[in-house]
Every structure is written in C-alpha cells, then in structure tokens.
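Each of the next two complexes has chain A plus one more chain, namely chain B in the first and chain C in the second.
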Partner chain A sequence: MARLVVLGGGVAGHTTATFAAKWLGSQHEVVVVTPNAKWNWIPSNIWVGVGQMTKEEVTFDLAPVYAKAGITYHQAKAVSINPEGKEDSDKPFVTIEYTSADKAGQTETIEYDYLVNATGPKLNFGATPGLGEGSQLGEHTVSVCTADHAVHASEKLQEAIEKMKAGTRQKFLIGTGHGMCTCQGAAFEYIFNIEHELKKAGVREMADIKWISNESFLGDFGMGGLHMKVGGYVVSSKLFAESLFAERDVEWMIGAHVSKVDAGKIEYELLDGTTGEEEFDFAMLIPPFAGVGLKAYNKAGEDITDTVFAPNGFMKVDANYNAGAYENWKASDWPRTYQNPTYKNMFAAGIAFAPPHIISKPMSSPNGTPINPTPPRTGMPSGIIGKAVAHSVCDLMTKGEDAKLHEASMAEMGAACVASAGKGIFNGTAAAMTVYPVVPDFEKYPGTGRDTDYTFGEIGLAGHWIKHILHHLFIYKAKLNPGWTLIPE
Partner chain B sequence: MVKEIIQYPTPLSVKYATDVRIFDEELFSLIDDLKDTIKENNLDGLAAFQIGNYFNVIVVKDDNGELIEMINPRLIAHSDKVTTEEKTAYYPNHSAKIQRYNKISVVYQDRNGKDCSMQATGKMAIVIQRKIDYTFGATFIQKMSKEEKEKFEAQLEGGIDVGYDEYCPTTFKRDYVLKGINIALIVMLLPVIASFFVDNTQLLEKMWNYQLYGSFVVMGMTIGYFFYGQYEGKIYTSCTSCQIGNIIGTCVIALIKLTLIMIASYFFINPS
Partner chain C sequence: MSEKKLVEEEVNFQKNDAFSLTMIPGAFARKMRTCVIWQFIRFLVINIKMIIVVGKSH
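And now, the complex of A and B:
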C-alpha cells in the first residue's frame, strides 16, 4: 500500500484528495493535512462580507466528509518537507504541527510515497505596514479572504451604514493593498456588492466609493485583461469595467501600490512615480499572496528550500523559470504536469505552484517599485489542476513510475468566472465571463493571445442566478454528495 | 508613409489592439506612418488602430504642436470631470458630447521601450483619452451616454452597427416555436376551465383525449425547440453561451407548465 499525502484542503487540495481517494479505493492511502477544520467556498465570502450570507452557509466540517471518503485527515499545518528522508531511512516525510484544539502545537512526521502541495497562499498582510483584517495584523482595514474575515467586514459595514443613517458621510476604499497583489476579481465583486447594499439600505447618497488597484488598466484582473464577445461585438474588459464604474458612480485609481495604512488613511505610490494619500472610513484591501513558508531539508538535514521552492515561497514545478523579459514570454513557459523537477514524487496544485512569470504586462514605477497584478490561480484552474494532478499520482501509484502524466496547462485551459455585482433574487447582478486560454498564447492567437470565439461576457440578473446556483452546486460537490464526480471543476 | 484613415461606414479592420512586446523596425515604421498621416490630415492625434494596425500605439500632438509617441499607454489617474464636444477621424463629419477628465496621468513606453509618464490637461488630455479608447477596441461611441448615443446614431445613415457581418440577433427563429408552444398551452388551459361547467361524461372523455393529444404536440414542439435551438446557437457563434442555458431553461419551464395543466386535467377532466 502506497501513501499519498495532500497538503492543503482548499479547492485544489480537496479536489486532488477526493478524486485520488475515489480512484485509488482501499488499495492505497490518501492523507490530507490542512490547518482548517472547515472547508470554505471562498467565492461566496463576498456575500458574507456584506451580510447577505452567514459563515455557516459558506463552510462545512471537513472531518465527516473525509471519513466518508476514506481519507485520513490531520487538522494540522505542514512545517517542512524531507523529500530524501533522513539519515537512517530513505522514506520521504513531512513534518506537521497540529492546529486542532486537542493537539494544538504537537508535531508529527508523516511518511509519504507521493506528495501534493496544495497549501494555497499565505495572506501576506505584513507586506504593507498597517494592512490587515481588523485584528492584530492590522486594525485599520478589513478583508474578505476568509469566512471569519468576511464576518468581521460585514460587521464594520453595518457600523458604517448606521453612521450614514445618522447623517455622517462615509468614504469606502476597496481594492488591492499592495503593488504585487492578485485576486482583483474578489475586490471588484466586493466593491459592487457594497454599492448594491448601500443602495438597498437607502444610504448610497451618503457614500463616496473609490476603487484602488495595482492594475495598469481597469479590467486587467491579473490576466492582462481580455477581449470578450458581447452581443457579437468584441469589447475590452477595460471598457466593460469602465462602463460599470461610471454607471454605479464609483471613482477609481489604478497603477497603485499601497505603501502604508494608518487609521483612516493610506499612502500610495503610482506607476508614474507620484505618491499621495487617500482617506477612508471603511477599507477592504486584498493582501498580496506568498507561499506558506514551508521549509525543505535533504537527507543530511541541510536546508534545500531554495531548490524546492521559488523565492516567493511557491513550489517549483515543470515551468520555464528562465523565460527572461516580457517579449520572450511564451505559452510554453507555463507548467503542464505540476511535477517538481527535482523530486518527481512531489507535485504542486492551485496557488501553491510557482508560476513562471506574471500574465499581465510587467510594470514598475520610476522608483523601481513593481506595480502589477500577479497571476490568478484560483477557482476553476485550481480545480482542473488538482484533478489532473490526482490523475497523474493515481496512475503513478497503480501503473508504475513510467506512467504518463496528465496535463493541465493554464495556456491551454479555459476558465469561467462569474463576478457578483450585487445579490438579490430579482435585482441581483453578476458579470459572467469565459476566457480561453487563461494564459495568452501569442503564437497560436496573434493579437491578444486569446480565442475571442471562446472569450465572452455578459452582465445581468441571469449571471447572479448562475453565481447562486454555483454556490450550492460546488458545496454539494465538495461534500461528496451523490453524483459529485459529474459536476465539473 | 501616409496611410488611409479608416472612416465610417467602413468597419474598423481590426477589432482590438494588443500591447507591443517587441520594439523593432516594424514598430518604428508604424510610428512614422502615424506621424505622416497626422501631418497630412492635420489631426490632433491618431491610434494605430485607426489605420488598421492592431498594436497598442498612439501618437498625439502636444500643446506646442510636437508629436508624442506613446506605446502601450495606460491612463492610471484622473480628475476634474468635464463634458466635451468631440470629433474623431473615424466619424469625420459628426461630433458628440462625451464625458472625459480634464486632468490625467498616463504611463507609456517610448520607441526604445523606456517607461515614461506624463500629466496632461485640457485638450491634450481629452485626445489621449480618446486615442487610448481606440487601443482598447472602442470608438468614442462606447463612452457616450444612452441619450447621446441615440442622438448620434440617428445622424448616421447606416446606424452604429454598419459593417458588422456577425452579430447577435435580438430575436431568433426558435422564438416562433416557443410562441407556438405557449399558444398550445393556452389552448390546453381552456378545457380545464371549461370542465367546471361540463357534466356530460362523454364530452369530458373527448376533452381528456384532446388534452392527451395536446400534451404530445407540446412535448414534440418542445423537443423540436430544443434541437433547433442548439442548431441555431451554432449559427450565431457570436452570441454568448447563455444561449444553451436559456434553451434548457425555456424547455424546463414549458414542460413544467404542461405538467401542471395535465395534472389539473387529470383531476378535473378525466372522467375515469
């Protein structure tokens, strides 16, 4: 019996573990190590953050689901990897530290035959002084990155609404809290959901809402923007986004690196090198992502973290990390199998893999501050990659080391995204977009690098219904309810 | 070389622009063409898009009449909202009121790929905004208010959509089938209402048979709608994938209506 250890239980890790457990049956063991007791459907945190859903509606307990699937579950965080084993054993292992209340702080080692790193990101609030989620990390801004953060954001939003009802004007600042952030889409959803809720509460006239982001144009979304077919016309996501901002009377500032957050005020630097300050009463600024800080050691116990991980903490995979300047970037730079080049029994899936470079055009200020979105690897791509990795590992375990690996390059993969702009059965709105491929392939599709026949978008009530249906569908799937394998990633 | 500026009603030959990644002779030649064309036509600025090239390049005249080359321009900050009366070379004899910003900050690259920035105000700021819009695939129509757009369209003989051979129709042929289904359902509803006033068992028997035949017809039409809808969806590839969702949803709704009518018919009409 061989053992697969999956680090992380988010979209990628959960997908990998559950499919692997299904395909491997009782012949082999699947182990999941994740610090969380609950699974969180992160896209719906936006609705928790505006008080339209509860934390319970977007989360569920992992233990019974893993018990049902026959997966061994450790509520713990991975601390280090020893891919060569130790002095007296060649068996590779991971060291974990429990986070569950009964074993908190205890460490343990788990040997593995195959390892999938799907730890997701560390929410790197510390990259910008003062940035946080309302706790000790930073008391001035809120976050919707986790369900708990979103609950707190919702409470702060309610306080702001009460102040407006009492006649005090409020300034809302939503966007990205650092020049190297990703996940602009989440902030985009949040700003329009806030606008929608303020309108519903009858206080929209008392609010000034402003967007701040590290994109060099509105609608970049970390993918270099997209040109989508809307009703037969090719429309840039820039114009699509600008129209929405104008229609909802939301001001915007882009190409911005937030350098510091103080009480009611941020300091920023723009791509043109100018600096400034922006005041706020309520701010939700997405933090940059980094690797979770896993260490790696060789057989002799020497630190080989640099061999296994890129400087940003994400795991190296079969990508071309020497692509060089922007003009040399190719679709083929992107990984296909997500296998670590040094240790072939290790894979990375979802946010945990180190991308070869960003997708958007690299930009920096005259002061040398990089200000550009980093590549999104969440949602649909995460699930697809997780499933492909599960396939590969299962084949390696059942067919032998020469089994052909499954591929899921982001440069050959389409993705669908439904961005909510307000929740409501009859007055909700969401922008439904598909993009193909996620990473532009300039050789195959000269021009924008994408196939406009498969890149389209539409905004309206139907999009909201789709978003709501997807919420229930993906939670149903993640709970491994009957027919879960039929639901696509 | 002076290039021909694409003008309405000829559709813009490229639909979107893309960032310049390689700074070479091809780019320099394009910039020279833009400059020559601006001088020849005494324009304030020109986007490569307007002469049929899909690179994200614009050339604008500054306040001293000097031509500024901007490659991959991005408008990153703005202030001072104004409404201007604008003209553009694509619609040479028309003007429209457009909302712009009087002060802007723009970052771009020069012909050597060096990052540059500029704060522009007034007329030059307006021209830069209009030209950047072109590089993202828009004429100034996309920046008009709904009312201004309607007014502007009325001035254009062929309308705004001229030249687009591929479009998403507002009504599909399958909608006629849907209309037929709805009419059939209304016709099936009548016997249900009539049954409250009929006591004759023989007549009720006939009405029940009529409902059964009717239900087969509606089911057949719904199946026909589904498959024809799929076929039509493939013809209009420019329409979104929501088509499939709409077709499935419409079929489900029609079948739910039919089911409800047949349940009511079973209880109120069926004499046996």
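And now, the complex of A and C:
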C-alpha cells in the first residue's frame, strides 16, 4: 500500500484528494492535511460580504466528507517537507502542526510516497504597511478572501449604509491593496455588488464609489486583458469594463500600488511615478498572495527551500523559469504536468505552483516599483489542474514510475468567470466571461492570443442564473453527493 | 429658449472625463439584459459555450 499526502483542502487539494481516493480505492491511502475544518466555496464569499448569504451557506464541515471518501484527514498546517527522508530512513515525510482545538500546536511527521502541494496562498496582508500583519487582516480595511472576512465586511457595510441613511456621505474604495496583487475579479464582483446593495437600500446617491487597481488598464484581470466578439466587433475587455464602470457611475484609478494604509486613508504610487492619497470610509482591498512559507530539508537536514520553491514561496514545477524578457514569453513556458523537477514524486496544484512569469505585460513605475497583476490560477484552472495531478499520481501508484503523466496547461485550458451583482433571481445581473485559453497563445491565435469563438463576455440575467447554479453545483460536488464526478471542474 | 432633453443613459458621460471616452448601453441594450425570454436564450447559448470550453480544457 502506497500513501498520497495532499497538502491543502481548497479547490485544487480537495479535487486531487477526492478523485485520487475514488480511483485508488482501498488499495492505497490518501491523506489530506489542511488547517481548515470547513470547506469554503470562495466565489460566493462576495454574497456573504454584502449580507446576501450567511457563512453557513458557503461552507461545510470537511471531516464527514473525508470520512465518507475514506480519506485520512488531519486538521493541521504543513510546516516542512523532507523529500529525501532523514539520516536513518530514505522515506520522505512532511512535518505538520495541528490547528484543531484539541491538538493545537502539536507537531507530527507523516511519511509519503507521493506528495501534492495544494496549499493555496498566504494572504500576504503584511506586504502593505497598515493593510495587516503577516496573513492577518488589519483594522482599517475589510476583505472577502475568507468567509469570516466576508461576514466582517458585511457588518461594516451595514454600518456604512446606516450612516448614509442618517445623512452622512460615504466613500467606498474597492480593489487591490498592493502593486503585485492578483484576484482582481473578486474585487470587481464585490464593487458591483456594493453598488447594487446601495441602490437597493436607497442610498446610492449618498455614496462615492471608486475602484483602485494595479492593472495597467481596466479589464486586464491579470490576464493581459482579453478580446471578445460584441455586436459584430472584436473588442478589448478594456472597453467592456470601462463601459460597465461608467454606466454604474463608478470611478477608477488604475496602475496603482497601495503603499500604506491608515485609518480612513491610503497612500499610493502610480505607474507614472506620481504619489498621492485617497480617503475612504469603507475599503475592501485584496492582499497580494505568497506561498505559505513551507520549508524543505535534505537528508542531512540542510535547508533546500530554494531548490524546491521559487522566491515567492510557490513550488517549482515543470515550467520554463528562464523565459527572460516579455518579448520572449511563450505559451509553452507554462507547466503541463505540475511535477517538481527535482523530486519526481512531488507535484503542486492550484495557486501553490510557481508560474513561469506573469501573464500581463510587466510594468513598473519610474521609481522601480513593480505594478502589475500576478497570474490568476483560482477556480476552474485550479480544479482542472488538481484533477490532472490526481490522474498522474494514481497512474504512478498503480502502473509504476514509467506511467505517462497527465497534462493540463493553462495555455490550453479555458476559464469561466461570472461576476454577479445582486442575488435575486430576476433583479440581479452578471457579467459572464469565458476566456480560452487563460494564457494567450499568439502562435496559435495570432492577433488576440485567444480563440474569440470561446472568449466572450456579456451582461445580463443569464450569467446571474449561471452564478446561482454554479454555487449549488460546486458545493454539491465538493460534498461528494451522488453523481459528483459527473460535474466538471 | 431651448428645451432640456434628458436621456437617462447619457447623463453619466458628463460626470467624469474617463466616462466620456467609453460607451454606455442605451435603453434597448439594458432592457434586453433583463428580458427573461431573451436571457433564457442567452442562458442556453452561454451554457453551451461554457460546456465546450470545459470540454476543450480537460
């Protein structure tokens, strides 16, 4: 019997572990190490953040699901990896530290035959002074990155609404809290949900709403923007996004690196090198992501973290990390199997893998401050990568070390993004966007880098209904209810 | 004396220089976004496209 250890229980880790457990059966063991007791459908945190859903509607307990799947579950965080074992044993192992109430702080080692690192990101609030400390959210702004953060955001929003009803004008600032953030889509969805809720509460005229982002143009979304067919034209997402903002009377500030957060005020630097301040009464600023800080040691106990992980803390995989300047970037730089090049029994899935470079055009201010979005790899890509990695590991375990690995390049996969405003069946709208492929391939699709038959975006009730369906479908799937394998990632 | 002509969707162009350089949907385009019959058709079309994208991605 061999053992697969999956670090992380988010979209990528959960997908990897559940498919591996199903395909391997009782012949092999699947172990999940995740610090959380609950699984969270993160896209719906947006609705929690405006008070339209409760935390309970977007989360569920992991333990019974893993018990049903025959998965060994440790509520703990991974601390380090010893891929060569230790002096008296060649067996690789991970060291974990429990986070559950009954064993909090206790450490343990778990040996593995195969390891999948799907730890997701560290929410690096500490990268911006005043935004937070380490991975802890600070006191001046709110976040929708976790369900608890979203509950807190909703409470603050209600306070702001009450102030407006009492006649006090409020300034809302939504976007990214650092020059190297990703996940603009979540902030994009949140700002329009805020706008919708304020309208619904009858206080829209009392609110000034502003978008602040590290994108060099509106609609970049960390993917260098996209082009879509609309009304017989092929148009840039810049026009699509700007139109949406102008229609809803939402101002924007782009190419911005938030350098400091204080009570009611941020300081920022723009791509042209100018600096400034922006006041706010309510701010939701997404933090930058980093690796979770896993360490790695060789057989002699020497630190080999730099061998296994990139400087940003994400795990190195089969990507081309030597692509050089932007002009040399190719779709083929992106990883296909997510296997670690040094230790072939280790893989990384979802946000945990180190991308070869960003997707958007790299930008920096004249002062040398990098201000550009980092690549998105959440949601659909995370799930697809997680499943491909599960496939590979299962084949290695059952067919031997020469088994062919499964591939899932982000330059050959699409992603769907539905940013919905409102939650009612008939009174909400959504911007539904699909992009194919996520990483543009200008050799295959000269001009836009993408297939414009399958890269599209439109606004309306239809996307809103899809958002509702996705919410229920993915929670149903994650709970491993009957037929869960039929629901695509 | 000229009469003021107020077209609701055009008001925002004047609020911000950046707004005036983009496009804002007119009444018909906005109506279609919430027209249940049209949106049901779009729902089918978007779903079919998304399923194709999902299929191409695996």
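By our rule, the second predicted complex is superposed on the first by the 481 of 489 C-alpha atoms of A that agree within 3 Å, B and C clash if a C-alpha of one lies under 4 Å from a C-alpha of the other, contacts with A are read in each partner's own complex, and residues count from 1 in each chain.
The rule is short, and it goes like this: a residue touches a chain if its C-beta (ideal position, glycine included) is under 8 Å from a C-beta of that chain, and two chains touch if they have at least 3 such contacts.
Small disclaimer: the values here were computed from a predicted structure and weren't measured.
Of the two partner chains, neither chain B nor chain C is touched by A:321.
Ranked by how many residues of chain A each touches, chain B and chain C are led by B.
Once the two complexes are laid over each other on the shared chain, residue contacts for A:247 go to chain C alone; chain B is not touched.
Contact with chain C, but none with chain B, is seen for A:426 once the two complexes are overlaid on the shared chain.
Of the two partner chains placed around the shared chain by superposition, chain B and chain C are both touched by A:434. When the shared chain is aligned, chain B and chain C each come close enough to touch A:458.
Touch criterion met: A:273 reaches chain B, while chain C stays clear of it. In the superposed model, A:413 lies in contact with chain C only, and not with chain B. Comparing the two complexes, residues 239, 243, 246, 432, 434, 456, 458, 462, 466 of chain A contact chain B in one case and chain C in the other.
Residues 239, 242-243, 245-247, 249, 251-252, 380, 384, 387, 408, 412-416, 426, 429, 432, 434, 436, 454, 456, 458-463, 465-466, 488-489 of chain A touch chain C in their complex. By the touch rule above, chain A contacts chain B in their complex via residues 216-217, 224-225, 227, 229-236, 238-239, 243, 246, 253-256, 270-274, 326-327, 329, 361, 363-364, 366, 432, 434, 442, 447-449, 452-453, 456-458, 462, 466. Residue ranges of chain C in contact with chain A, taken from their complex: 9, 12-13, 15-16, 18-19, 21-25, 32-34, 36, 38-40, 42-43, 46-47, 49-54, 56-58. Interface residues of chain B facing chain A in the complex, by the touch rule stated above, are 14-16, 18-19, 21-22, 54, 72, 74-77, 99, 105-107, 115, 117-119, 133, 136-138, 142, 164, 166-168, 236-242, 245.
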